[in-house]
Each structure stands twice: as structure tokens, then as C-alpha cells.
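Each structure below is given as C-alpha cells.
You will see chain A twice below: alongside chain B first, and alongside chain C after that.
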Partner chain A sequence: MFIAKSIQAEHKDLIHDVAYDFHGRRMATCSSDQHVKIWDLVDGEWRCSARYKVHVGSVWRVNWAHPEFGQVIATCSFDRTTAVWEELPGDAGEKGQWVKRGNLVDSRTSVTDVEFAPKHLGLQLATCSADGVVRIYEAPDVMNLSQWTLQHDIPCKLSCSCVSWNPSRVHPPMIAVGSDDNNPSAGGKVHIFEYNDNTSRKWLKAETIMTVTDAVRDVAFSPNLGRSYHLLAIASKNVTIVTLKPLATKKEPSATACTKFEIHQVAQFEDHQSQVWRLSWNVTGSILASSGDDGCVRLWKANYLGNWGCISVLKGDGSAPQQSLTEKSNKSNLGSSAGTSVENNSGGARYLHLGPVAQANHVPWH
Partner chain B sequence: MADLDSLQMIGVPGKSCLAYGCQMKWGLGNQLFVFADSSQKPSKDKPSSLGSPEFIHEANWDTDMHTPVARKLVNEAHDIFISLQNNVDTEDKQYQMLKHSAAYRSIIKACVMDIQLALKQCTSEDDRMAFETQLQLFEAVELIWSFCEILYVSVLPAGALISQLQQWMRLHFTESDRLAHEALRGSNPQNAEGYWPAVYGLIFQGRITEALQVLSVHPERDSEHFKLIEQLLRRMPVYAANSGLSIGEFENKWRYWQEECVERLRDGSFMAHPCLEVICQILCGEDEVFAAHSDLLGTWYCLMVARLFYQNPAIKVFDLQYATQFCVDAYGGLSNLQPWDSILLAAVEFDIHQVIRECSSSFGNWWFASHLTDLLQHCGKLESHTLHFGSTLREFLLLEFATSLLSHHSLWQIGILYLDHCSEFGRFYIEEFVERIPIETERKAQKVLKICEERDLQPQIRSICKSMGMRSLHNKHLGAALSWSLRSKDVNFVTFIAEKFLNEYSESGGFIDLEVLDHLGSSMLLSSKLTFLGKYREFHRLYEEREFKAAASLLLALLTAKIAPPRFGMTLLLDALPLLQSESIIFTSEETYELMHCLEEINISRRLKAKKAAKDDAMDEDVDKEKLDLMKLGLARNLARAIVHEGTNFDMF
Partner chain C sequence: MHHTILEGPLNCLALNRDCSQVVVAGRNVFKIFSIEDQEFQEKVNLRVGRNINLNYSASDVAWNPIQDHLLASAATNGAVVVWDLNRVSRSKQEHVFNNVHKRFVNKVVFHVHESDMLLSGSQDGYMKLFDLRKADVSSSFHGRDGVKDIQYNPSHYFTFAAALENGNIQIWDMRNTSRWERQFTAHNGPVFSLDWHTDEKMWIATAGRDRMIKQQNRVRNTHTVQTIASVAKIKWRPQRKFHISSCSLLLDFSVNVWDIRRPYVPFASFNEHKDCVTGISWKQNNPHVFFSSSKDSTLYQHMFRDATRPANDANPVGISISVHGSVAYASSDKLNSSTTPRSNSYSRLPAVWKRTPERSEQFMMVTSLLNEFEIINSAEAVEDFCMSWFIRSAREYKLSGRSMAEVCEHNAKLADSMKRHQIAQTWRMLKLLYCGKSKKAPPSPVATAINNPKTEVTKDTDAERTEKQEVKKEEKPDTSTVGHGIKNHSDFFFGDGDVDQAVYEYDSHRNMQDGQEWSLPSEAFQPRHEIKETSQPLDPLSENTKGESPSSVNESELNSKRNEQVALSAQSGIKQEILLTPPFNSHLSPWHFTTLVRDMLQSYAEKGDVQTAVTAIIVLGDRIKPHLDELHIEQWFMSYIDLLGRFEMWTRATEIIRMSGHPAVGALNQLSTTIHTHCSQCSKPLLRSGWLCDRCNGQLNVCSVCHLPVRGLYAWCQGCSHGGHLHHIRDWLKTYQHCPTGCGHLCEYT
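Right, the complex of A and B next:
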């Protein structure tokens, strides 16, 4: 593994989230500077095609909708709103403009996470907020994104930090919600909600993962790959991976009952030795990436016997980045804070082979 | 079972990543984006003190197979892989496996030669380094592959094993050839530094004829010692499977011959000539002489083959493992083994699991481990293990290999073909990946769709078509958007685009992207809006081609069948106006009545609407009134003409 290139993001403040579109050819970044930037991969280089102010507070998360619905992103912010943005058609060669299609203002506190539902559920959006409410919005007419209706609000009682949709096509709609409540006595911090389509047409709590009682910063369902169980990763003081196996229920749909699950913890890693902040599965759900307060990104993978292990660690080493973009002369900015100026090192090797491993680009067996 | 020794630490450049820690997001395939973390609690909203520009770093891995040289290997290996999968159940399986193994080896060899060629031509130091690493890697791959082939794929009778191993050694270790060649080139070969090592080396490898050739240039060749050693060498029994000699008989012959050698050594025939004495010691298979020449032999496995040849030429595959200890110790024990040496050791010990494990971690790619495992699994070598992980392990490695290909802009197609042969997860991998393949061109879209169609991935096909349709719509290519939407079979989407076409018509009075509209065929029936659009365009075409009669009846059908959107009612009627006013009579009286009926209906619905809308469009009303009057006049005139005409015509009969 090696760092192939570095992109200068030029946000005026810390980046909170980066999101890639479905094909990995477009990227959206959001930052405390209240702006979103859209990047396009042109001839192997990332170029910023749009930058616009989206909120009046820090923008926490940004998420792309499936390309079936066009070029659409959602952002959520400290300013208590969630916004949906669509790129307007541009003339050939010219980059389109982004317009706000939806402004979802139901939350009374900071909106901490936003995620589009898997596309087989249509254009739906889940948000969660610090006051402990998960909201499900839907654009009933996918051709008209200016109409968003609040379909459900699900009270969670605890301050919510993250939400994740289960991508499975065969299971009823399901989300996992994590809470960053610090009080261990408040019980399990990850709740599983399931949409009951048969009778109540409501989201009901199916399970609480009781083993995780510390503050949870991120949850992520893995792509299903036809498995009979669901795989959920939880970022807490450690990285926890649990399987949720639906228990066979009686045939007749009962009014209130949700699917019950057999919950089994398959892995727990303390390697970060600190709060874990973010989790992300790769496309096929074979590798999980986690980042924590130890400043490392760690990659986790199961071997053929189903045993999980760490395969790689990425850590900042303070060396000068290899820039792929021609750096704009931005001297005033660089000079303003001593010690943070970045030396531009555009010559030299094509790749930076880093780390003490002889064969820099192999991921070892474990 | 995380192996901490092999755990990889990757440094991420940039001050902010050091100061704040890292954060990540996945790209497609083996692509990870890393940027400085902002682990602040979402309850604070203070701008941070960091003022420097932020960087996002892109990390890649498993890209070994993306170099041009390796790409050729990947392409060719794939053909062999597919052919192997198809020949698994044939009767001559054993032969097929061997054939395919040899085919793999030949492309590895070709790859090695390609790299050697590239190395000669390359100019930059960086490239040279990269090529040299690759060369070493692939040479090792070939060495290990052929070794495993001898042990696991070919089923060799005792006796034949050693000769196979010797051949393998000759192919890969040519040091003694080089020494001999150098020595013979000089004027005094016997005094050359490499003369005797060359002779020993050749004898170690069992190449008696060549050894004799080198000896024959020695000036003392006619001396008694030389004659004697030559005699011993010449009389060495050679095992050949087709010689008619049974292995027992061969062993007997060998024993007699070696006893003679021992006799000669004991009676001091070579005392005067220490170099010849060494040769005789080798022939007697004395341990000391092998250990003493470990430098010349180079590696533990060369030592093993040489030693076995002179100590136990009829050894069986499973007994090889008992011969390793001495050889490994001669090179300083297990701890001094190089990674590739230990792979071979594991292979000899029949610890295939360990072989595959080490192959996966020692080579920067999954190509070798996955193909070797696939071959061994088909040979049934994995299942015989205590754990029944054979097919799981094979699939695991193939999935890894395929994933590393899927990150590449052109090799992804091969990756998909590999996934086809992963019975458990392959299809799901394809499902997840195929939709995400970046589609830059129409041609690539067709390629991806073909792949989906071959595998009957209907949801993916629909999704890709719809995404393409959305993109065309975004780029204002309505015609392309329509054809994509038709392929996606999404009724709402088709209706939406048909609507766009009609709007376009209302605004400009003409149709765009005629080729698509004129060739809708039966797909027109997908949505009633589209049916109307298609038929209405057909009307225009007929009108342009002056097929007035057909145009008129189509128009009437459109009006009476009520598939036209309400707002188009008036437009359709106005389209009838020129037909009504034409010189010849096109609408019959009956048809005219129907038209009048339609007009009346439209009129009524309009008035109802106007009442609701509280007359805020007085202007429109006036325009419509004018049109209505014109229409009424046209209809009345045509009716009169038609009745008169029909009356006259009727009279004629």
C-alpha cells in the first residue's frame, strides 16, 4: 500500500467529511467553513468544479444519492438543518450549478448525520440529531426533488450521532442508530429499527445492542453479499463487529412484532486505544476501515476462516505531501500560521513508498 | 490471527495528518482516501486554529498487476485459468492439470523475459529499480511454481522424482555452466579459479556428460586417476522410466556401483589428487562433502537434491521431508532462511497451507497465490488436509485477486471473469461492483450492459440504464435519455422524458432527436405518454410525406382514444385545421362529426377550468376564442363539402 497522490482541498478549515459518488469519480467535501466543494476526476486529476456555501454552521456530513436520481447530495449541519442539493444541467463543457432542492428544518438541534437509503427504497433520506430523533424523509416524485416530506420521526431518547441503512434488498428497510451519550448506565448505545410494512407502517425498534454501552460515534452496515445475516460495525471506545441473524419467525405477520435477531459479536479490537470516530466498508464489504483518536486509520479484514484481523495502519508522519494539483500561489495563507506551511515537492519519485516494508504495496496475509 | 510482524505501517504525508490524526473514506476497489481528522465533538462549532490548506491523500494497493508487463501476464493467465476450469472433470484430469501447470509456467517465463528486455531498454534509475524488483519476484514465482508442480501436480514414480528435481535445478541454477564456460574460454582451463567448482557443480546436478567434457580438457586426463574417475562417472547407473528396469533392479545396480566408489575412496586411489577425491566423495554421497560445498550449491534445496541424488536416488515424494533437516542446518538453520527458501521448505513438508500463506505475504500480488491454489485445489491437494477449507481458501484468494483487478480501468473485465468462478460470493461481488464501474463513454456502457446481460443481472441493468438516462438528461440529450430510459423499463422515468419531449414541442413547435422517436416500435407501449408522443410524431411524419388520408385518421384516433394529455387536445384539433381546409376532402362527414364532438368536449372542460381559475387569464381566453371560432368554421365547411361529396359519390352507384 502506498500513497499515490495528494489533493489539495483548499478548504479554509478542517474537513469533516468526504463523500464519493457511486462510481468514485466525483467527490464532495464539507468543512467547518460552512462550504461544500465538488471535485471531479478529470484525466486522473481531481479538479474542483464547484464550491458553495451550504449552511450557516459547520457542515458535518455530506452524502451522495444514487446516480439514478441524478447528481444529488445531502448535507447536514450544526445550524440544525439538512439540505438537499442538485446539480443543474449545464451546457456542454460547462460545469453545472448546484441549487438547493430541499431544506429540512424539523430538527431543533444540530443534525449529526445524513444518509440516503439504498436505492431500492426510492429516494429516502435518514437524518439524526443531537436531540435524539431520527427522521426519515422522502421525495415521493423522484423527478421533482423540491418536494420532501417528513415520513417518520423516530424518538431514540438518547442524543444520536450516526445512522446507517442496511443495504440488503431482501430484508425490510432497516437502520442502525448510534448514540454518543456518555453515560454507560443509559444502556445499549446502538439501536436497530425496522420498518413494518405489513400493518403499522411505522419504524419500530427491533433490537438494542446491549454490549455497547460507551458513546458510539459511527455505525456502518456492510454490503450484504447474499449472506443470511447482517454485518454491522460499531465505532465506540473500540471497533466492534456484530452479526445480526434474523430468527425464523412465524409465517403470519403479527401487528407489532419486528424481526428478532440473534446478535453475535464476531470481533472487537482495542488497537486504537482511544475513541474510534469513523468506520467505512469497501464496496464488497471485505475490508473495514476505522479511524480513531490515536491518529491512525486501520484496515480490518476477515480471512477465509472468518477470523478478523488488522491488515494495515495508516498514520500521519508529517512528511511533505506529493501534490498532484498545480498549487496555486497562496502565500499569504501559508505564511499566516508558522509551522503549518507545506513544502511543495512536485519533482522526485512518482510514488512515495512509505513505511518500513520492503514490498511497499502488498497487503499481507494475516 | 493477525500477524503483527507483517502488519504494515503506512506514513501519511502532511503536517495536519500528524497533528490531528487521520480520517478515511473508501474509493472504488483498493483505493482509500485519507485526510486530516477533525475529531471534535459535534456540539462545538468553533473554527479551528488550523489555517493551512488541507490535503486529501489517495492510497492504493495491490497495483502490482497494473504494470504493462504484468498486464500481459494477467490476460494470458486468464485464458489458461478458464481452460483449466473447463477441464476439471475430464477423464485425463491428471494430464490436463500438468498441461495447464506447464502453460502457466511458460507465461511466467515469458513475463520474466519481457522484464529482462524492458530492463535492457530502460533508461531511468527509478524504472530500473522497479523492473529489477519485478524480475526477482517473477523468477522466484517460476521457481516455486515448477517446484510445486513436481511435488503436487505430476505424479512421479520413485526414481523419476529426483531426475525431475535435477532438471528443475538445471533450469534455474546455471552458475556451474557459467563457471565451466569461463574456465574453458581461458588458455589454461585447469588453472582457472572456477574449473573445479564447475566440475563439482555439474556433478552435483547429475550432469555427468558435461562434467566429463570439462574434465577432458585437463592436461592430466590420461593419468590413472583421471581414467579411474572417468570410468566411475561413466558407469553411474541412470534411471529412466522406459528402460525396462524396475526400481528394485535400478537400486541394486546403483548400490553395486556406489560400493565400488566407496571401495576406491577407501583404498586411497585418489589420495594424490584431492580434487578427484572430492569427486569420488560426492559419488559416495558423503555428508561432509555436501556440507563443505554449501556455498557452491547456493541454497538448501539445491543441496537437498544433490545429496539425495547420491544418497537415495529412488526417493519418494513423501520422504523428501525427512531429508530437509541436514540441508537447512548446513545454511545456518531455519532462522537464516530467506522467505522464498522457506516457501519451498513448506512445500517439501507438504504443508500446502503454509506454502499458500507465505506466497500471499511474500509476493506483492495475489496472482501467484490464487492461481497456484486454484490448480492445487483442482488436483485435490487441499481437501486432503485436516481442515476442509480447500474451496473456501481458493475462493478467498480468487476474490482478492479479482478485487485487485477491479480497481484497474481496463483489467476489471478480467476480474469479472474470475468472479464467475467463485461459486459462493462471486456473483454478489459482481453485483456490487458492476454498477459502480465508472462509465465514461457510450461504448463502455454497452460493454458493461453486455456483461450484465450475460449474467442476467436485471436490477443492475435497469439501474445502469437509468443512471445513463439521468446523465443524458442532465447533459440535455433528450433523445439519448429516452433510449436509455426505454432500456431501463422504468415507466415513471419514460413518462417523465416523454413529457419533456412534449414540452419541447409546445415551446418550439418541432420535434428533436427524430431518429429515436421514429424508431420506437413496440417499446412505445411502455407509457401512455410515450405512446402519444410516438403516434403524434408519426402524424407529423405522415403529414410531411403528404399522406393526408392516413395522417387524418391517425389524428382522429389520437383524439378519440383519449391518450392525448388534456392540454394537447386543442393543439391536435388545430393540427386538423389545414387538413380541413385542403382542396380535396380528407375527413368524411362521419369523421367530421367526431371532430366536432371532440371540440365540444374540450370546450366544456375549458369552461369548467376557467370557472375554477376565476378568470385571471382573460387574454388567453381571447386567443382561444379566436382559435375556437376558426376551428368551428373549418369543421362546418368541411362537413358541408363532405356531405355534398358523399351524396354525389353515392349517386354514382
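Right, the complex of A and C next:
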């Protein structure tokens, strides 16, 4: 059972992103009102400990760095900049001041996503922007957050909406980039880039996930832990989960080419019936949360057969969340035909099947 | 939407009275186009004549609102030029006011109601009012700083407003040339543009280099829009009270239309231009069409329906899962309020209602709700979500210090208590596989059942082999529960019930075994007993010796021993009444369960349960390690240590590092282990380890309380470098606050 606890966010416009820190003790929210708020868990209550204006445009995303680097967040904005903020250690028991350390201004268009690299890659930052460029920054000296060098510039051709690092420590650095380009004929909207350390020292395109041709709003690699394959969730008009299994052809890493992957789509869900906006994995990568225009959070989990199914639906307005009662394991891999009969007896009658999914831009409440 | 490309960058544009023609001007361009449905048609090129000088370039242009043939332009050399389109000659230049302004003229504007009044504003700080009938300056206003923009109040005959370089706005009355009627500071830095609202008499919007658009209501600043770049031009959208369009001086090449009530997200955006937009002009009383000129040499006619809506591309939700399984969810209140009705009206809505008013209404006043979903009682399905099992297992698993059997049993019980039966079963299996011979193991039903040798010897060899096959299958948890997984996916630990039941069943039957023939139930776990059983009863002596060291039985040992015993039993076959013949023994090939255990660990890791894999490796130690990939082991350990770090279980993580026995993992504990301190007597920073200070030769590790050298834990105040035995310092601080040495420092030990 989940209980909903409402938090008075008091942002003056839409909140675009929420992010827990590494330990789940702090939370950052960012909004179109150009502010970021930092929340601390005090006696089970979330208290806003800092609130500051970070940009002059909508702040799209906020991301925490690994605490090894200090209390550091990165934000990206419509104002074409990415900012890195650090909390100065305060006196004992007191929260410190947040100061802007880095301001990355290379983008010519709105910066749509920012994410810190996994810890073992050092202090790196990937940003992507609406003009279709993914940029990798690095702070060579982790003690000096004000110095960021642009390491790589990866052109993607399509306008990018989201980027995600592969957290695996055994695999070479890898990112997935999603595009919100609306034109289905432009091909696959999720590209996998891999850093080739041996020869070129460049990021090269390893794969394109051809099955997803609708606008992609979010991509998320699951925490890797001990897995030999990579799990990637894609938010488009539906939720898609694919596995990327590196094809171990030879033992020695290939000198020039990127790793080839065996890409397998393990699940696709149409349950949101609308644009899916955000994804988040739990800490072990066994449960995926997705949310879309239907105002619900849906939790997905795989059973022993590797079939993914919905385990819970949470309502965004805090009304009683409901547990999905009937199992839906047969729903995975059904693709677009899902939701015809199974939908009706699951989760009550609240979410009726609407027939063919209409276009997201017909949604009238924007 | 259509456009035309000109010869050079455009600085400005102006529409004529009935919006049928447009004039655009720049450094190298001065042309009039007529506005057609699908295109612009060139009507007049004003840049003609014998000597084309700077008077033919314009920084601003104005079309007379009364007399359609009169135009005025602000030349870049400080002249103001009046053009008459009715002139018969090729050159339409009517009059040039030279030497009126000493510097660049920024703006020319005709009076709204008087066709003969022309006002100009210049960088030299003066505004000049021209009377076109006299062709002379009639009045002069001194604004005391560069004038960037001026505009007549459309609803007040004598009033005009001027935007100044110093950030001030001045309201002038034309009848008073000596001093402005009112002045207020609107911006930080220059004000580039201002615009009177056409319907709201007292509303004036201003914009400047400080990237703000402000709407002033006579005295008060009521709305502020923060944009991403310096704002060059603003214009109110006709017939839309709160909408204002803007373009930027640099960086941003789009024309944005804002609703000043939602100042953060543009209501609409037009991104056609490739360079900065220099002029915006709305069609008279038509909120759907406007024209823009740009430095990219293009003149565009925009239709409002072509606009992109940034708000639609802004995601309305945010979601995050914490390590403890809480879900933070922020969503637009619009999504929530309209969830249910929307489902119904979804498909037919566009047909039934008009979209436009609804859209601008919907655009307004959007806020987000932020909720956190916490797990209260973990139901089966969300068990994985709430990581309490992980924390508890990490804390309470025993990994060393006792015999392997005890460790396994403890861990199994712990897993059982958290209803993780599969994990529990795994631990039990490990115990059976690797230390099944231990008599010291707590008498679990399975273990005791082993000790009854007579039962299973009866069965024939074929049966046994098939049993063995089954064992192999059952060993893998994935396949074993496949059948159940299909039936009920929410019960992830299915299958264990069966197993347990079978074990207990067997247990209950144990008492009757002695007397009667007992045929093996076709349950998977017995062959394992039987494997041990072949070795155990035959050689009680060796069993005892081996049994002393329960954790030492590895597989090869077991196998070799078994073979040995088999030979033995073949010789002393009389001992067993129903002992099978030697051919049976030859069938009993050594069972390589290590591969199965390896597969099992890998399958746990694949599922993300790296905890089980790592703890099992630690417990099994060298029994399993040689069979696993080094890289895998390292990856699992690192992941597990990372996970422990996320739950702030540092002590536990250190233990794991210590027990890993893996060089790369073990090295983690060896990083950054040095803290440089000060000498407690002379405060010299100590850069090397030793007993004496380099400077004062004093002993370094003397306890401040008992004055004896400290061996072991040394409590140390970071403020004054004094310290001593942990318990002494603790006792001292119970009664005193100051340092025991009397240095006067209020010591803090944290």
C-alpha cells in the first residue's frame, strides 16, 4: 500500500522535475518559475531548506551529483544554459548556502536534459539540447567545480529531449539519447552512443533503436548492479523497455568498432493512453515508474519469466491509490493491441479504454 | 505564413493605415511591399536617385497614420527624412532635416491624430517635434539621456512616453517642453522599447537590456516577464488584453508572445527567423496576423495558427523514486482535475468546442501538485520496492565467524522471517551442498533425514539418475518457478511452499522409516541426501574427522572421498544388507554442482539481487570463486558496496570490502586513509608518522588526562590538537567543557 503525502511545493508554475539525492534524504524540484527548491527530510517531513533562482527561463531538469563530490546539483534550462550549484558546508547542524559554480553556455538552444555520469567516470556531465547536440563536460579537478571543460560534442541531427548514462561500471561509457522529433519518418528516436577509448577517443553511435519512432520524452537506463545486459526504458506514446545485451564476440575489446548489441524489446505498455513524460527506476532496477498525461504513476515489474506487468497505479492528486488486482503478465509484448480486454477488469473502471490512442497534441488542457 | 528575402539586413518595418502595404528599411534596403494573400509584392524601391547617401538608410521608419502617402525615416547619420510617395519624380525624398540631432536617431513617430506632427528621439538625449507644414522643428524636449524609444499615448492627445538609456521612462506633455510630467525607473540598464496598451489607457509595457518585460499600471509595476535575452522590441497583441509580443536584441531569434499573467513560459513562439528580429508589427485590430523583419534579410508574415506552443512541449510531470522506495511525483493540477472527464471527452472535444478561447484559458494559472507516495505496509507486489528487506539482510546476515552451516542456517532463517523463501531455500541448499556432512549443523529436517541410510539404497540406478536430472533442474530458481510464475505473477516466491511442505512431509515420515520399505517420493531434494548418504554410513570414521571442520568440504574432496568410499563399500559390502553391486557405483559419477551454484548466483545477479550473490560468494569463499569470472565478482562487489553506500551502511560496506578477498575491491579500504595532524605541544603540522615531533621533540601521543602514551584509539580535538584515551576524554567531558590540558579551548569531539 502506498500513502500519499502532499507537499506544499509553492512553485509559481509547473514543476518539471523532481529528484531525490543519493540517499533519499534530500529532494530537489525545479519549475518553470525559474527557481529550484531543495527539500530536506526533517522528522519525516519535507522542509524547503533552500530556494533560489537559477535561470532566466524554465528549468527543465535537476540532477544530483554523487555525494562523493559534495552536495552538487546541475540544472538545465530553456535559457540555453546549464548550471552547476554547490552547497557550501554550513556550520554544524545548519544548512549551507548554495552557490553557482559552473555555467555552461555552449548551447544555442534550450538545454533539455542534464545528467551526471556514474561515479566511476569521475565528475562528468552530459547535456542535450533542442538543436540536437549532446555535450559531455568534465570537471578535471573534482575540488574545483567552477572549471568545466567541454570534452565532446556529439551531433544527433534530431532535436534531443533526454539523455541517460548507462551506470554499468564494466561497460565502456555509454549514453542513450532520445529525440522529441515528431516526424515518424525520421527513423528511430533513441540513439545509443558509446565512448571508444582505444583508438578514436570519441563518442560513436553504437545503435539506434528502430522500433521507437514517436517523439521520445524520457529515456532511463536502469541501475546495472550485477546484470550482464542493460535495461533501457523509453517514454514515448507508450512505455517501452528494451534490453541491450552486448554481443561478446571476442574477448579483447574491438579496436575500432563499437560494441554490438542484441536489442530485444521486452515490454511495451499502452496503459497511459497518452503521452508518457517521465520514467524512474528504483534502486535495484527491478521496478520502473512512469507517468504521463493521464495524471497517474504506474509501476512496472518483471516476473520470473521476464514478463513485465503493472503492479500498482498511483493517482497524482493523492486520492486513494489502487492496487491492480488482476495480473497482466500477458499484456507485455502485446504492443498496440494491449488494453482491449485486459484493461477493463484491472484497476477498476477508472481508466477506460479509449480506442485507438489519439495524438498527444490533441490533449486539450494545455 | 509567407516571407520575402531582401538584399540586406532589415532594421525596421512599418505598416500603412489599412495594413495593405509594408515598408521595410535597413542599411542597404528601403522598400515598400504590398501585402497579398500568399506573397509580398514589391511596389516601390525608395533607394533610388543620383547619389545614394546615408539618408537612404534607416534605423527606424514610420508611416503616417492619416495621410497614406507620407513616410518618415530616421537616418543613421542623425537626419530625419520625410518621404512623399505622391511625388512624381523617381526619388520620393521630400525633405531632410539635417543637423537637428547631433547623434544617431533611434525613433521617429507620427502623432496618432495629427498628420503634420512628427516626433523623433535621438541618442543625444533630445526629442524634437517637427511641424511638417513649416518643415521645421516646433518644439524640443530634453530627456537628459539617450532616447531609445518614444510613443504617443493613443488615448491622450498631448502625452507621449520616452524610454531612456539610463533605465528611466519619462511621460511628457507636449505643451510643456521644459520638463517631463513624470519619470520613473523601469529597468536596470537601457530601456529599448515601450508600448502603450491600445485598450487599457494607463498600461504601458517596457523592455530593456535587463531581459525583462514590465507592465506598468500608471505608477505600479504589476507584471514582469523575465526573458532569456535582452529585449529589443515589444508590441501588445491587438484584442488580447494580456498578450504581448517581444523579440530579442541578440541570441534569441524567435518572436515570443507572452501572457503577462504567466510570465515564465511564452504563450506562443515563432521560430522562422535565422537571425535577430528587429521589428514586429501587428495587423490593425487583427490578433492573428503580424509581420516581422529581421537581420537575416527576411520579411515574414506570421499567422498565429502556425505558432509553436512551448507550453505543450514542457513536460507537466516529474517523478523520482528514492532509495527507500518512496515515489515523489509532481504533476500539473490540470492533469489531475481533468483526468476523468477528459477520458470521456477526449475524442469528441475538438469537434464540439472551440479550441482557441479554451487554450488561452488553460494556459493560465498552471501550478503543480507535489506528492510523495510512501509505502506503509509492503504488500507482496511492492515488496521489492520498499528496500527494507535489503537493509535488514545487509545488517543481520552473518557472513563469517561461525561454521558455514550455522551461517547458512542463520541467513536462511533471516530470509524466512522476511518471507523471502526462495532466498532462504538458497541458503539451505548451499548448506546442504557444501557442508551436508556436518553433524554439528542444527538439526534441520533435511539434515537429519540424511542420517537415515537405509531408506534410499533400495531404489534402482535408473531412477536415481533421473532424480539427479531433476535436481539439476530444480537447482535453478528461474526454471523451478516458471510454472508458477505464469499462473500468478504477483507471487514471486512461489514454489517454496511446495518445497517446504515436501521437506516436512518427509520429516514426519522419518519415524516410520526404520521398519518398512520406503520408496522415494519423486521430490527434488532427496537425491541430495542420497549423495551424502552413500558416503556417510559407509565410513563413519572418516565422516567424523571430516565433520569436525564443517566448512572445509569442497566438492572435489567430496567426490574423491566418495569414490574412495565406494571402493571401500565394495569391499565390505556385507555391512549393508541391500547394498548395491559395484556397477551402481560406477554410475554414480561425481556431481558437479558448482556450475549450478554458479548459474544460480548469476541468475540472482541478473535479477538485480546482487546482495544474495555477494553474500553467497563471501560465505562460500574459495569453493566458488575460481569458477566465477573475476570481472563479475568485482562488478557484483562494487555494486553491492555502492548499494550499501546508498543506504548509508558504511560499516557494513567496510566489512564486505574486508571479506571480499578481491584485490581491486580490497583496495577500496586502502584509499585516503591518512589524516595529517598537528603536534599537540607546538602545533607543528605533522607530515610523517612517528613518535616524536620534529620541532619540539615532544612525544606525540600522550593522553592529556593521564599523561601516558595512547595505544589504540586516540580521541583528538580538531580545534586544539589535544586529546587522549577515548574513555578518559569521555569521562573528562562529562564534567568539563574545556580542554583537559588547560589550553582554554572548548573542545568538540564529534
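The rule is simple: the second predicted complex is superposed on the first by the 306 of 366 C-alpha atoms of A that agree within 3 Å, B and C clash if a C-alpha of one lies under 4 Å from a C-alpha of the other, contacts with A are read in each partner's own complex, and residues count from 1 in each chain.
Here is the rule we go by: a contact is a pair of C-beta atoms (placed from the backbone, for glycine too) under 8 Å apart; a residue touches a chain by one contact, two chains touch by 3 or more.
Just so we're clear, the structure is a prediction, and the values are computed from it rather than from any experiment.
With both structures placed on the common chain, the touch criterion links A:W277 to chain B and to chain C.
Look at A:V266: by the touch rule set out above, it reaches neither chain B nor chain C.
Residue contacts after overlaying the shared chain place A:F69 against chain B, while chain C stays out of touching range. With both structures placed on the common chain, the touch criterion links A:D293 to chain B and to chain C. Look at A:E87: by the touch rule set out above, it reaches chain B but stays clear of chain C.
Touch criterion met: A:L225 reaches chain B and chain C at once. In the superposed pair of complexes, A:N303 makes contact with chain B and with chain C alike. When the shared chain is aligned, chain C comes close enough to touch A:V170, but chain B does not.
In the superposition on chain A, A:V56 makes contact with chain C only, while chain B stays out of contact range. For the contact definition in use here, the residues of chain A common to its chain B contact set and its chain C contact set are 1-9, 11-16, 18-20, 22-24, 27, 29, 31-33, 46, 57-58, 60, 78, 92, 119, 169, 180, 223-226, 277-278, 280-286, 289, 291-297, 299, 303-305, 307, 309, 311-312, 314-318, 321, 323, 350, 352, 354-355, 361-366.
The part of chain B that touches chain A in the complex is made up of residues 1-3, 6-39, 41-43, 45, 47-64, 126, 133, 357, 360-361, 363-365, 389, 392-393, 395-397, 399, 403, 425, 427-429, 432-433, 435-439, 459, 463, 466-467, 470-471, 473-476, 492-493, 496. Considering their complex, residues 1-9, 11-20, 22-24, 27, 29-34, 46, 56-58, 60, 78-80, 92, 119, 169-170, 180, 217, 222-229, 273, 277-287, 289-297, 299, 301, 303-305, 307, 309, 311-312, 314-318, 321, 323, 327, 329, 350-352, 354-355, 358, 361-366 of chain A touch chain C.
By the touch criterion given at the top, residues 211, 226-228, 251, 262, 264-265, 309-340, 342-343, 345-347, 349-350, 355, 358-359, 362-363, 366-377, 379, 381-382, 384-385, 387, 390, 478, 481-482, 484-486, 488-490, 492, 602, 604-610, 613, 631-632, 635-636, 638-640, 642-643, 645-648, 750 of chain C touch chain A in their complex.
Touching chain B in their complex are the following residues of chain A: 1-16, 18-20, 22-25, 27, 29, 31-33, 46, 57-58, 60, 66-71, 78, 87, 89, 91-92, 96, 110, 112, 119-120, 130, 142-143, 161, 169, 180, 223-226, 275, 277-278, 280-286, 289, 291-297, 299, 303-305, 307, 309-323, 330, 333-334, 336-337, 339-342, 349-350, 352, 354-357, 359, 361-366.
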